[in-house]
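In C-alpha cells below, several structures.
Paired with subunit B in one complex and with subunit C in the other, subunit A is shared by the two complexes that follow.
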Partner chain A sequence: MSKNINPYNLKHGIESISWILPSIILFGIFLIYPIGFSVVLSFFKWNGYSKDIFSNFVGFSNYIYLFKDPIFWVSFKNTLIVVFVLVVFMTGIALFSALIIFFGNFKLNNLTRAIIFFPGIISQIIIGLVFRRILALDGGLNQLLSLIGLKKFAIAWLNAPNLVIWIVAFVLVWQWIGYIMIIFYAALQNIDHELLDAAFIDGASLQGAIFKIVVPQIRYAIFLSAVLNFIGGFRSFNLIWIMTNGGPAHASEVFTTYMYNVAFGQYGPSNMGYGSAIAVILAIIVVIFAVIRIKFFKEIEGV
Partner chain B sequence: MQKLTIGQKIFSRVYIIILLAIIILPLIWVFFLAFKKPNEIFQSFLFFFPKHFTIENFPKAIELAKTGLLVSYQRMYLNSAIVTAGGIILAILAASFGAFSIVYYKFKGREVYYTFVLLSYMIPIQILLIPLYLILYRFKLLNTYFALIFPYGTLGIPIATMILRNFFSQIPTEIRDAAFIDGANSFQIFKNIYLPLAKPALATCIIFLFLDMWNEFLFAFIFIRKESLATLPLAMSKIGMGGRTLIPWGVYAASILIAIVPIFIVFMIFQRWFIKGAMMGSVKG
Partner chain C sequence: MKITKIVVLCLIPIFLISFGLASCKAAATTTTAAETTAATTTTAATTTTAAETTAAEQPVTITVWDWQAGAPAYDAALKEINDLYHQKHPNVTIDRKAYNSAQYGDLIKTAIQSNTLPDLFGLYQGSSMQSVADTGILFEWDDAINADPEWKANLGKNYGIGGTLDRKTGKIIATSYDIFYILSFGYRNVLEKMGSSQEEVLNLKTYKDLANLCQKFKKAGNSTWYLAGGLQQIHWLQENFYTWVYSVSKDPNTIYDAEFGKTSWTGEPFIAAADAIRDTSFIMREDVLSLNAQTDGYNQWLNQEAWGSWYNGPWAVGALLDYPEDLKNIFAFTKPPIVEGGLKDYMAADAGQVLSMTKDNPKKDQILEYAKFLATPEVSAIFLKNLIHPFGKFPDNWQDVIPGDAKDFFIEMVQLYQKGNIGPWIIYTGDINKALIDNLTAIFQGKQTSMEGMQKMDEVTKAYWESHK
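Our next item is the complex of A and B:
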C-alpha cells in the first residue's frame, strides 16, 4: 500500500459505497437473491408450474435422496472423470508441449499462435456440432480410420457407453489445450535463463534441468491452471449437452446436465427442488476450490 | 540454451506438427465438408478434400435458417451483437465504478467486497437458473434482450472488476493526490485520470466479456423462447436437435461456417489482443 496520504478514508464511507452501489444492486438482484432462493428451494418440492412455490416443504429429503440416487452417483463419477482428464491430461500435455516449444526454440509466429488459440474462442455449441459430426458412424474419424486400414475399429463413438464420457472430456481438452499451452509458454518466457544456462554449463541433463529448475519456477502457473481446470471441469455444460445431453442412458451425465435434466423435466416431471439441491452441491464444491485459489493468490501477492 | 541432439530435434518437430494437425484438422474437415456435393460426402480424395467444389450448400443453409430455425443469420448476428454489447456496457460501467472505489477509498469491508467478487466469478450458473427465470418472469423481461443483458452484465462484473482493480492500483497515487489538491472531486479524478489511463485494461475487459457473452448458451436457452430473438449459439443448438438426421451434412457444415464468420473476423483483427488478454488473465485474475 502506498505511503501517500489517501484523500479519502473511513469518514467517506457513504461516498465510497455509492461507487460500488451499481455493482451491489446488480449482484443483489441477479446473483445473491437467486443463490439464496435456490438454497431455500432445495428444501421444497416444486414442479415448476403450481403457483405456490413454497407450499411443499420436504426438509432435507432432496439431499437425502441425492445420496440414494444411482444416477446422481453416475453423474458424480463422470464429473470426476472430466475433472481428472482436464487437470491431469490437459495440464500434462499442455506443459509438455510448451516445454517442447520452449526448448525446441520454435518461434511461434502469428499464424501458429492463431491456430493453437482459435478453438478456445468458438462457442462450445458449435464445437459440439463439429465433433458430433466427426464422431458419427459415417463421420470424419471413421473415414480417417478406414483410410489407414483400421476400419474394423470404426464405431459410433458417442453411442459407446464406456467411452463416451472420456471422448467428451477429450473434446474439452482439444478446445482448451491451446489456451493452457500459451499460459505455460508465457510463464516459461519469464524464467531465469541465466540459472538455466549455468545448469547446462555444469553438465545438467535436459530432464534434470526441466524438473529441478524449470518446473519449480513455473509452479504457480501450473497450480493455477490445475485449479482453474478443476473448477472448469465441474462447471462444464454446453459441450456435453450439445454432444450427448448426458446420454446414452446417462453414460455421459455430469452434475450440470443432470441438474438441468431433473429441474426442467427431461426425465419425467420437473423437479425444481431436487434440481436446486444438485446445483447447491455443485456450487459448494466449486466455492471450496475458488476459496483455495483466492487464498493462494493472497499468498503470492503477499510474498 | 542447451543444444538439442538430432534425435531430440526431430522428435520436437514431429511432435509440434502432429499437435498442430490435431488442433486444426477437425476444423479443416468441417470447412471442406461445406463445399462438397451430397454424393461426395463419403468418398472424397484423402477423406477431406472435395473433388468438385460447390457453394450450393450455403444458400441452402441460409434457407434452412429461415424456414427451419425461423430466424435469419443477419438477425442472429444482430441479436448476439445487441446482448453482447448491452452486457459489456453494463458490466464495465458497474465494474469501473466498483474497482475505482476499492482502489481510491479505504472503506471498511472493501476486502470483503473484493473477496466476494473473486468468489462470484466462479459460481456455477446452474444455481441461478430457476430463480433468474422467476425474476425475469416477474419483471416481464422473458423473451426480451434484457433477459440476457442483465444476467450477462451482472456475471461480467467480477472479471471486469478484477482486471480494472489490478490496473487502477498500479496508477501512481501522486497523480491522484495532485488532482485532489487542485480541487478535483472524486468523479473528475475517475473520469479524467483513471478511466483514460485504463484504456489497455478496458480493452482486455472487453475481450474477456465479449468471448463469454457472445458464446453464452444456457441463459439464452432458458430465457429466450422467441425464435426471432435467438442468439447464435441458441439458434445453432437447434440445428443439432430435432431434425438432425434430415439436414444434409454439407448444409450442416455450411451452417457452422456461417455461424463462425463474425467471431473469426473479430479474432483475425484483434488476434494479438486476444492472446495478450489470455496471458494477462493467467498471471492475475
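Our next item is the complex of A and C:
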C-alpha cells in the first residue's frame, strides 16, 4: 500500500520543524544531554578531574552504596520533612489566607495580597542571608525575645540540630505562601456565587459553606498546589544551602544539598558518580509526580 | 499509556545520545592526549634549545592561580614579591589571579577538562590534590630541587612536607608560598580571672588534665570555662584526630597507612584518638556542632567568650592586629598528648597555599626559576613583614623584619613551629575523608562508639581501594 505525500503538508511540516529546531537543539544540549550524561555517569566512579571519565565502571554500586549510606537516609528524612511542611502547612495556611481575603472584603485587599506575595519575588540568596542574620545568636529574633522578657529561650536557631530543618522549611513557607495563595484566590474568583448565595439564604454557616461548597469547587487548585509544593520540596536547594550548607552535622541536609556536597562541595569527596546516582533518584521521584500532574490536568481538560 | 510511551521514547534517545557523545569524547580525549604528548616532546626539545639562546630576551608571562582572594596580607606580599621578581628578570611578568576557595575546586576541574590551566596553580590538599595527581598531569619537582642544593637548603624542614606530596608515589608535586599549622591560643587575663595561669596550661601533661581544668572552670560557675571551636567545617575534627593519632603512634605516617589500607583503623592510636574526640564534647560549647571553626570559633575566642581556641595558626594573626590590647594577653601552646608518655609539642602542619604545574609546560625553566625565588630569604622577609609564615628559608635577621604589635606573639609561634613535631593535617582520599568526618561526628555526638566508627572506616577503606585497583 503506497502513501501519497501531499506537497503542501510536506512543506508545511518542514517549515514547522525549522521554526522549532533552534529550541529543540538548545533543549537537547542544555537539558537532554546533561540528564543522559548524569544517568550514564551514575554507573561510573569519576572525581571530576580525570579526563578519562568512563574508565571506572562500577555498575550499580553507587546505587547500592546509596541505600547503605546513613547520611543519604538523613537527607531523605529531611527532604520528607520539607515536603510535608510545604504540602500540608503551606497549602493549609495559603488556603486559609485566601479565604480570609476573599470573604473578608478588606479595604486594603490588594495591598494585603501584594504584601503576602512580595517574598516570592525576592531572590532566595537574599532571603537566606537575611534569615541567617535574624536567626543568629545575636540576631533580630533573639533581640525580640529579650525585649519581651523571654531571653531564656534565645538560642542560635540555625545551630540547633533538632530544629534547623523545621526552621528552614518554614522560611520556605514564608517565601512561597503568597504564590500559592494567589492560585487559590484566582480559583475562588471562579466559584459559583449563586450556589454560595443560595446556601447562605438557606441558612448555611460560613464554615459549612466553605467546606461543602467552596473547597469542593477549588479542589483542582488545591491538588495543583499540593503537587507543585511536593515537587518544589524535593528540589529545594538555594535557600537551604545559603542558610545552613546542610549543617549542622547534616541536620538540615536534603537530597539536593547532599548531592551538591558529594559532587561539588569544597570539602566534599568530589564523587561525581555517586552525586549523579542521588540526582537520578531525585529526578525519578520528581518525574513521577510531574507525570501525575500532567495526567491529572489532561483528565480535567477531558483530553 | 500514552504518557508512558512518551517517557520511554524520550529516554531511549537520551541514553543513545549520551553513550554516543560520551564515547566520542573519550576517544577524542585519548587522541588529544597522544597528540599533546607527541607535540610536547617536540616542543620541549625545541624549547630547550631555544631557551638557551633566547630565554633572557623573550618576554614571558607566568600565570598563577591561588585561592587567597580577600586576603590583604597575601595581596600585599605577593605584589611586592612579583614586582621584585620582574625587576630582577625584566622579561618575566608574573600574572597572579586570586580566587575564592569555595569556587576554586570547580574552576580547576573545568580548567583541566578544557586544557586552560595556568602555569602555576593551587590545589586544595584535602579534596583535589591527590585526584589531580592521579591523572598524571602534574610535574614532579624532586629532581629539579635535588639538582639545586641552594634551593633544597632553602626549603629545609619543609622539603617534602605534607601538602606538597603525591601520597601514592611520595613524589613532590607542588611548592608553596607558606606554611599552615595549628596551634592553640590562650588568654592569660581570662585564665587569671578564673584562678589559673598560662603556666598551669603549659604544664598540663595529658589531654585529660586539660579537660579536667575546663571542668573545674565550669563547676566554679565561669562562663568562659570552655575552649572555642567548631565542627561545621571539617578542619577541627581532622586536625585533632590526626594529631592525636600521631601523639600516640609517634609516627606521622600512621594516618596515611590507614588511609591507604595498610593498617586497620581499629588499632590503638585510632581508638584512643576517637575516644579523645568523644570526650572533647564535654569541654566544648553545647552549640559547637554547628559552629564554623574558622569564623564562629575564632570570634568566640576573640570576644573572650572562651579562654582558648583550638584552631588558630599564623593565618589568624592578621586579625589580631585589630585587637592590639589583646595581643599582650595572648599566648600560643601545643595541645598536651592524649596519653601519658605520648609525643609532646606535636602539631598539624601542611604546606599552605601550594602551587603545582603540568609536566608538559613549555615555560618549565622559567617557572622553576620563579619557584626557587619564592623560597629565598629575600622573599621570606616580605612574607614575614606581612605576618605570613614563609615556606622558604628565613633571613638571618628575621625577628627584626616582623612589624608592630604582633611581633612578640608571632615570634613565639614561629619558635613553637621550629621546635615542634610536625604531623599530618589533611587526608587525601575524598571518599575516605568524608567517611572519617561523618564517623567522627557521630562519635562526638555519642551516636556510636569509637570502635564502631573505626570498624566502619575499615569497611569504607577496603571498599574504596577495591574499586580503585
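Quick note on the criterion: the second predicted complex is superposed on the first by the 281 of 303 C-alpha atoms of A that agree within 3 Å, B and C clash if a C-alpha of one lies under 4 Å from a C-alpha of the other, contacts with A are read in each partner's own complex, and residues count from 1 in each chain.
Keep in mind that, in the parts below, contacts are C-beta pairs under 8 Å (C-beta built on N, C-alpha and C of every residue); 3 or more make two chains touch, one makes a residue touch a chain.
Bear in mind that the values here come from a model prediction, so they are computed numbers and not experimental data.
*Asks:* Evaluate whether subunit B and subunit C can sit on subunit A together after superposition, giving fit or clash.
*Replies:* Fit.
*Asks:* With both structures fitted on chain A, tell me whether subunit B or subunit C touches more of subunit A's residues.
*Replies:* Touched residues of subunit A are more numerous for B.
*Asks:* Please work out whether A:Ile191 is in contact with subunit B alone, subunit C alone, both, or neither, and reply first, second, both or neither.
*Replies:* It touches nothing on subunit B or subunit C.
*Asks:* Considering only touches as defined above, state whether A:Val291 meets subunit B (first), subunit C (second), both or neither.
*Replies:* Both partners, subunit B and subunit C.
*Asks:* In the superposed arrangement, does A:Ser61 touch subunit B (first), subunit C (second), both or neither?
*Replies:* In the superposition, A:Ser61 contacts subunit C only.
*Asks:* Using only C-alpha centres after the superposition, what angle do subunit B and subunit C make about subunit A, to the nearest 10 degrees?
*Replies:* About 80 degrees, rounded to the nearest 10.
*Asks:* Contacts for A:Tyr33 in the overlay, against subunit B (first) and subunit C (second): which applies, first, second, both or neither?
*Replies:* Touch partners of A:Tyr33: subunit B and subunit C.
*Asks:* Have a look at where A:Leu163 lands relative to subunit B and subunit C in the superposition and call it first, second, both or neither.
*Replies:* A:Leu163: touches no partner chain.
*Asks:* Is A:Gly140 contacted by the first partner subunit B, the second partner subunit C, both or neither?
*Replies:* A:Gly140 contacts subunit B only, not subunit C.
*Asks:* First (subunit B), second (subunit C), both or neither: which does A:Pro70 touch?
*Replies:* A:Pro70 sits against subunit C, while subunit B stays out of touch.
*Asks:* Does the superposition put A:Lys51 against subunit B (first), subunit C (second), both, or neither?
*Replies:* A:Lys51 contacts subunit C only, not subunit B.
*Asks:* Subunit B to subunit C: minimum CA distance in the overlay, Å?
*Replies:* Least C-alpha distance after superposition: 5 Å.
*Asks:* Indicate the residue numbers of subunit A shared between its subunit B interface and its subunit C interface, in ascending order.
*Replies:* Comparing the two interfaces on subunit A, one with subunit B and one with subunit C, the shared residues are 33, 35, 37, 48, 53, 264, 287, 291, 294.
*Asks:* Looking at the complex, which residues from subunit B come into contact with subunit A?
*Replies:* Interface residues on subunit B, with respect to subunit A: 1-2, 4, 8-9, 12-13, 15-16, 19-20, 22-24, 26-27, 29-30, 33, 42, 46-48, 90, 93-95, 97-98, 100-102, 104-108, 110, 113, 115-132, 134-135, 150-151, 153-155, 157, 161, 173-174, 176-177, 180, 186, 211, 214-215, 217-218, 222, 232-233, 236-237, 239-240, 249, 252-253, 256, 259-260, 263, 267-268, 271-272, 274-275, 278-279, 282-283.
*Asks:* Where on subunit A is subunit C touching in the complex?
*Replies:* 28, 32-33, 35-37, 39-40, 45, 47-54, 56, 58, 61, 65, 70-71, 155-156, 158-161, 164, 245, 247-251, 262, 264-271, 287, 291, 294-295
*Asks:* Which residues, counting only subunit C, touch subunit A once they are in their complex?
*Replies:* 3, 7, 10, 13-15, 17-19, 21-23, 25-26, 29-30, 33, 101-102, 104-106, 108-109, 112-113, 124, 126-128, 131-132, 134-135, 231-234, 287, 289-291, 430-431, 433-434, 438, 441, 445, 463, 467-468
*Asks:* In their complex, what parts of subunit A are in touch with subunit B?
*Replies:* Going through subunit A, the ones touching subunit B are 2, 4-10, 12-13, 15-17, 19-23, 26-27, 29-31, 33-35, 37-38, 41, 48, 53, 97, 100-101, 103-106, 110, 112-126, 128-134, 138, 140, 143-144, 147, 174, 177-179, 182-183, 186-187, 193, 196-197, 200, 206, 209, 221, 224-225, 231, 234-235, 237-238, 242, 255-256, 259-260, 263-264, 272, 275-276, 278-280, 282-283, 286-287, 289-291, 293-294, 297.
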